[in-house]
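Letters are used for the chains, namely A, B and C, taken in the order the chains are written, and counting of residues starts over at 1 for each.
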């Protein structure tokens, strides 16, 4: 048995019994996935997924960063290669090193998929490597493993992708125009056109201008282009924006200051401080537009991207070399909150990779400002211990109702049910502890469990 | 049943049994409340408390910040209004939103008071709102619910208020002069006359001079005024000072430097660095005076006050918009500790809102310098999880005997027994875990439980 | 009974049973001690240890810092005195204050030694003070309590000391030349010749030049001297270097920049930034040499040494007044990692005193860079709670196999078995929790327990 029915529940028998009761209540709720990195094209084209290595190893930075940390060359895993030359060999390297993932959430997600989706009962290892490869390969060719069939099997109610303003969104259009019943929606992620450090920033802004028939050479035209672009997303069901900034810095410049800063960043003459100031100003501009058009803002701040320059130069972004840094949200969010913090019509969902701010900054802020909600534990903290710490550090100050439910945030479509299952189990485990310690009545815990598994995500993201 | 007799004890039956034994040993000890924000006037006048909304909602920033964070306008709660126009309506808003407090210490304190003081057995909700309002209103009119009767009922041995040097302390004087047996003492909190950023600083200093017949236009006269003022407090039983500074920065300027800085801050010409330096110098001056007169120092550092400027302008201080920030005690306390750190006659009790310093800075400092003691978890961390983390992060380096017992730190008189009860239960829960894991013998745990509940506060505050 | 056979295991009976099974599997494994501060002279001379106070109190900063923090003068403990004048009196002060250590790891280590090595059954206290003193004194005179006999009794497989490049290593030479079977090896700790703030830095470098026949007046000659010195250590079995820097700052200067910086630091003209830059450059030079000669690097960063200047002036280093500070490894390690981070042949073991970086910085870095491993919880965090937090904060991102097993890091030879026992128990407790919560299969847990107790230390340190 790869996964146990009582997995992730507290060991104390009394508490476990409560956790199981709570979990039964939410286990089968539809999946609301308001933030992630799946591809609309998978569903619009509905083609079979390729081989196991291309499904589970090559696209998953959680997987290959661990292998790399133990000396496996990325070349051997065929990272950065368009088509896998030898998927069985890549799979074998992975299988031989599967012990490295002991104690990690990656192992939990993988075992869930192997067991629940592919019916595996033996652990992945050098010995079972080929059996796994062959069994999974075979299943991937069947109609039940096409993206749309899986979407239905997973019980997904709504699935948001993450998209650049420069994206044509053609797959989203096809999905809406077609017969297949789904709710797959885009999310407006404008980093490529608001972050002066993004590769090709100036030409991206130029492209945005052409796409929206706006004169992005001027500050007003640039803002107008973003407004038009947001509308284009909203027409396809989009309810949220997302901002991946190095810090949570915001700014509230005068019109004159912004107008004078804009050409400096577009021309590439801005220094690092000015670029940071511009990103900060753009968060405030996005909040202003959100007050107009109702899009919920997400701020994913605090990752030092591409810390390993040699790998970046060879393989580009997202190769497992993004490292968190210490954050200060209290000062950083000040200007935006001074402008719009008291607006209950605005919703800003905050994420962090620096857990020390949960209790010190984020819970106190979200427990006061009407516009703020806390996103679930993110990235390295999307894990059993990470989820436990999130609730332990935020609930007593911000309560449950200033949090925004769960995000699977995944690039790995097949991990979606396993990830939501982990979150539901961990929230039930936390609630069971509160009930067992008489810190919450059990009838209230049922309601909270349902809210955390389903309702709060829908409400926070206006879905 | 609103509160369970085993609340807050660990779920594991063996550990719970130990916790209950320990708790029985300390449950009924007298309450020592060496730091808080109750009003001497309540006891000197001994008038009935007004309506339930004015007792539980309007003065409690824990309560109304949560309601505000979920979109309830402060106007609807009649915050900042002198007399409640419609207390029943305010109470109903609170009752309808009572679910927001699930999992928070506020809920624990409130349920304790509702159950133990007002005999409620059903949960507060929209349905029970009027019943609560009427029942509580009725009880508040009875002699048993007058402040002095409650003080006695609560088993309070000593209660310290927090007072400005500019306060006449007339209520404290009345209490001492009157017949009613009590030990209600003031605490010297000089922020208004030592913090150049305090509203009206210069005129406050001027008033201090008049009050003490000192020439506060000079550095020497200013220090003398503070000395005289401290004596005035000491004559009324005061044993401690308290300092609410944005950081723990201290300084040890030469006499010439201090003499030249003083007129700059008084005249309002000082820049932010100079103001911070002055605050730091004043902590060192206070320590010097404490060595002379024996008053214990408390440093409550690390809150960014009034983060929400719009609310501050409309409602003033203490409206739930104070947000903690990251702290550095190692450098900040350096100058003061270099001057007086090795003095066992001096006691400085340190508080923090940044839990990351517990194990990194505060426990190592308090486990070395003879003058330092650690105050209990403060404000947002005065909660079950916060108390557990405090012990887990400080005990192994500083032990139990470099901590200073419990502070209820409350503005809500009726929450005092519930707060002390929570602290006693959480300390017993921690000790029970140590005993169950054979990290402490049970006979020693009894002694420690008693020390944490009673003796250490008396000793640290010289009560 | 001073120590319980089930000590440190989780209270939940089911989890405890698993922990006990795992612990039985690793309890008797040989001790690998790759980092610590024992003295080769003890073993080469094999003399009896002196009195109990000189063994347990006077050299142990964990012990005397706690006593000092509660007002015991260091004079009374005869700290800084060469020979104890009144060991029985020092011991009595310690015994009378033994309650101060309740809840601390020091208490666990001491009770382990008292019980398992000296056969004590009653707790140390004022009453038992003399009995302890006499019993221990008597045993210390017996052959079984000589250093070599204890080394064998403890089941030590390999023991690394920590040594200055200026040390003659004569005791290590004697040990290798003699008949007694042992594996006691030196560790190359060059702080005294690479840290410009070290007492006597310039003359230390001068001595290094003489010792190695190198011209340390030039940058090239200085580097050559270090290379020669490392070789001298390697010939005596050394496999690792160790670096005790105030921060983890690294640098990668051009040759010209380094050549110009070197004379400034040697001449004492360097400012604090230049000194910090030099230390950073030297970490990178050490990494470069490690790639050549295979020595494993340890970086012990983040302690503010000698925070209490008055004690430092009177007693010198290591008197319990070193205080941790907040750390940033992400930027600090950048230059070194950019140069050598992708080299699987290099091993750098990172230590921290700032637990907030475990999950935020260290686990993400070690879970990516092939050269990085995480050292065990250090100093104030070498404790039950510290060990639990280390696993809880690092495992999910870095796994078990990017950690480097246990270090006892002790100056107290007699605490070695107790310290390794604590680490083995705490790791088994953590693994048992994972097994009980079905987050790890039990057969895998056995393998991991063995790896953490024995194999990973040997592998990481190339022993």
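The criterion applied here is as follows: contacts are C-beta pairs under 8 Å (C-beta built on N, C-alpha and C of every residue); 3 or more make two chains touch, one makes a residue touch a chain.
As the structure is a computational prediction, the values presented were derived from the model and not from experiment.
Asker: Please tell me whether the contact surfaces of chain B and chain C are same or different in residue numbering, using the over-half criterion.
Answerer: different
Asker: Give the rotation angle, in degrees and rounded to the nearest 5, that superposes the C-alpha atoms of chain A onto those of its identical copy chain C.
Answerer: 120
Asker: So the centre of each chain is just the mean of its C-alpha atoms; given that, what is the distance between chain B and chain C in Å?
Answerer: 40
Asker: Would you mind listing the residues of chain A that make contact with two or more other chains?
Answerer: Residue numbers touching two or more other chains: 10, 12, 326, 356.
Asker: Chain A touches which residues of chain C in the complex?
Answerer: 10, 12, 14-15, 326, 328, 330-331, 334, 337-338, 341-342, 344, 356, 359-361, 363-370, 372, 392-393, 395-402, 433-434, 436-441, 444, 447-448
Asker: Which residues, counting only chain C, touch chain B once they are in their complex?
Answerer: Chain C reaches chain B through residues 3-4, 6-13, 65-66, 68-71, 99-105, 108, 123, 304, 307-311, 320-326, 353-356, 380-381, 383-386.
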